[in-house]
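Take this structure, written in structure tokens, and hold onto it; I'll ask about it next.
Order of writing sets the labels: A, B, C and D. Residues in every chain begin at 1.
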Amino acid sequence: MAKGILRAKAKVKGDNTVVKIMAKHAMETGNRKDKSGNKIPAKFIQTLSVAYNGKTVMETNMGTAISKNPYLAFTFVGGTKGDELQMTWTENTGASATETAKIK
Amino acid sequence: MKIIKSLLVGASLAFVASITQAANSGNTLASVDPEADRLAMQSFFQKRFPQVPLDDYVNGIYALDPGSREQWEEIEEFPPYEFDIEEGEILFNAAFANGKSYANCFANGGIGIRQNFPRWDESQGKVVTLELAINQCREANGEKKLGWKKGKIAQISAYMAYTSRDNVFDVQIPNDEAKAAYLDGKQSFYTRRGQLNMSCANCHVAGANILIRADLPGPTLGHVTHFPVFRSKWGNLGTLHRRYGGCQKNVRGVPQKTQGEKFRNLEFFQTYMSNGLVVNGPGARK
Amino acid sequence: MKKTISLVAVLMMVSGVVAAQPFNEAFNEQRAMYGKGHSFTWDGQTYITDHPEEVAAAAEANAANAAKLLASAKAKYAEVMAVDFGWTLTKKLLKSSNVAFEAGNFRKSMNISAQAEYHSRMGIAQYHQSQTEWIMAVPE
Amino acid sequence: MMNRRSVLKAVFTGGLVAGMGVLMPRVAMAAWSKVAFEAKSQEAAMGALYGADPSASAEVTLKAPDIAENGAVVPVSVKSSLAGVTSIALFVANNPQPLAAQFTIPEGTLANVSCRIRMGKTSDVTAVVTTASGVFSASKEVKVTIGGCGG
């Protein structure tokens, strides 16, 4: 897929930028069993960090109690329309990627 | 010696008619008046919830229960169905093997037409739902049918609904055959089924916003406007008929056939009831 | 013997018209309050709160009777499915009745068959009601 | 700084495997703490993260529903009017693993975050906010019902 798993809506509001991010991810807890009774291994996003202009503006550590399709909203001071946010996620499996989104 | 007699009970169906009164008309093809039914349904809800504006009913239970609404609004900040609209758009625009696509099967290239479904199809002599039309389009172009309840068909339907948001539902009943289908749907809506002996109307007319076990059923007015829906319970997107089947299972009845005549007619009736309201699908529900 | 008594009961129901409470209502109330096997008096007669299926299941537990009841319950299920008013648990009941039958547990099999047949009979009753009385539920 | 006592408490509650991690300096808090996230009790999880019990504060605001529509998706927001908030964490006491999420708030980011959490059953939800002057919290009970049908 050309597009990653993250979708972001970042909007300038006054002096601040409001960021809302959702990831397309099942957030498998490791507690569920499949139809034949075998445990489905845990597979979830562990960390999600967001940077603007090279500076980290949010760092999130998540556990398995975060819902499927994790959602995160926060606000940081500053931010200019058209600039990019760098969002980096890592999975408990070690998988990781950085995706970008434009501030609107 | 005492003689104990066993008895034969014809039907032990307790008939609770407390909120309802027998109507003398509207149950035959000659007397049924869809427009009168629709206005009666609207006025029923407006009398029961006078503070709720009519156009808010498209939001289902969230029009009635503030506690649920708050959570739903929070979910709508970034609704989980957005991924499905994206996927749906890609699927909708993908060409079939013969080079054609869905756009060739629908009026206006399939954009902004959700409000006209389900519709009475004269040539087929039956009610055609959007999902049925999608699969008929595939078959006409030599493609395999999609599963009815979730996945691709729901995503395509979601995209088509999304392009139709704020368009006003306008289901037409052009002739007596269509009226018969409407009447059949109306009958289904008021028929009790399953071990719990409940009809659609029990929960979604009389029972709207009243706790039934741990749930607040939504009003039937505006029921169909937000489908397909991403239900938190499903964890994915599903069609109206998937929900119908789920409802029938909830009252412990064996569900009727997905996209079968009964369900299509029920959708026809239910959507007619919501004529005048806007398309707001896809939706997010608990 | 049992059959004759049931027939008498049916006749009583038909003829015993003037009562404070209709028979079905009285029966349902007693059944709901006390479950099966409870006796009560209605219009001067003593009745027991058993469904006809349960009466049939009270027959001697043997292979022949159990097979008969299971076959009858299966036929009734086919009947209710044909009118599209089946209940969800019935199929499972038929299955477990079959399991009990295979295991030689005829009493258990007969009891479960009775339950399954009752489900199907009620589903069929719902079908008939839907044909005639659905309009009762339409709000004015 | 953690005092000796709270370290001991943390080591004790976190268990043997936890020992090493807990003894690492506080700076490591931003890293995903296996000890804290896998702790089976809220006490253990909090012990691993903070060493001390947080004190309830009116300056921490936790917004969560009284009755969750669906335990699988419970919207929760936390904000705080305290100065110098460096992190916010969310705990669901009755979940198998109570620590749900931990947010590091750098300077320039408001102490105001929202997310959606899973809840297995009715439970207290606690938001814990860390500042230079201590650890503060707010709690709220969220009821989770077993749905009959839904929608």
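Worth pointing out:
In this text, a contact is a pair of C-beta atoms (placed from the backbone, for glycine too) under 8 Å apart; a residue touches a chain by one contact, two chains touch by 3 or more.
Treat the numbers as computed from the prediction; the structure is a model and nothing was measured.
Here A-D and B-C are compared, and the pair linked by more C-beta contacts is B-C. Work out the mean CA point of chain A and of chain D, and you get 19 Å between them. Mean C-alpha position of chain B lies 34 Å from that of chain C. Chain B and chain D have CA centres that are 41 Å apart. One simple way to say how far apart two chains are is to compare their mean CA positions; for chain A and chain C this gives 58 Å.
Annotation for chain D: residues touching 2 or more other chains are 72-74, 77, 114, 116. Residues of chain B found to touch two or more other chains are 77, 235. Looking at chain A, residues 68, 71, 73 sit in touch with two or more other chains. Contact annotation for chain pairs lists A-B, A-D, B-C, B-D, with touch applied as defined. Residues 3, 7, 9, 20-22, 24, 68-69, 71, 73 of chain A are the ones that touch chain B when the two sit in their complex.
Touching chain A in their complex are the following residues of chain D: 30-33, 37, 72-74, 77, 92, 95-106, 108-110, 112-119. On the side of chain D, the complex with chain B involves touching residues 65-70, 72-75, 77, 114, 116, 145-151.
Contact residues on chain B toward chain A in their complex (touch as defined above): 77-78, 80, 82-83, 86, 235. Across the interface of their complex, chain B is touched by residues 2, 5-6, 8-10, 12-13, 23-24, 27-28, 31, 39, 45-48, 50-52, 55, 81, 84-91, 119, 122-123, 125-126, 128-130, 133-140 of chain C.
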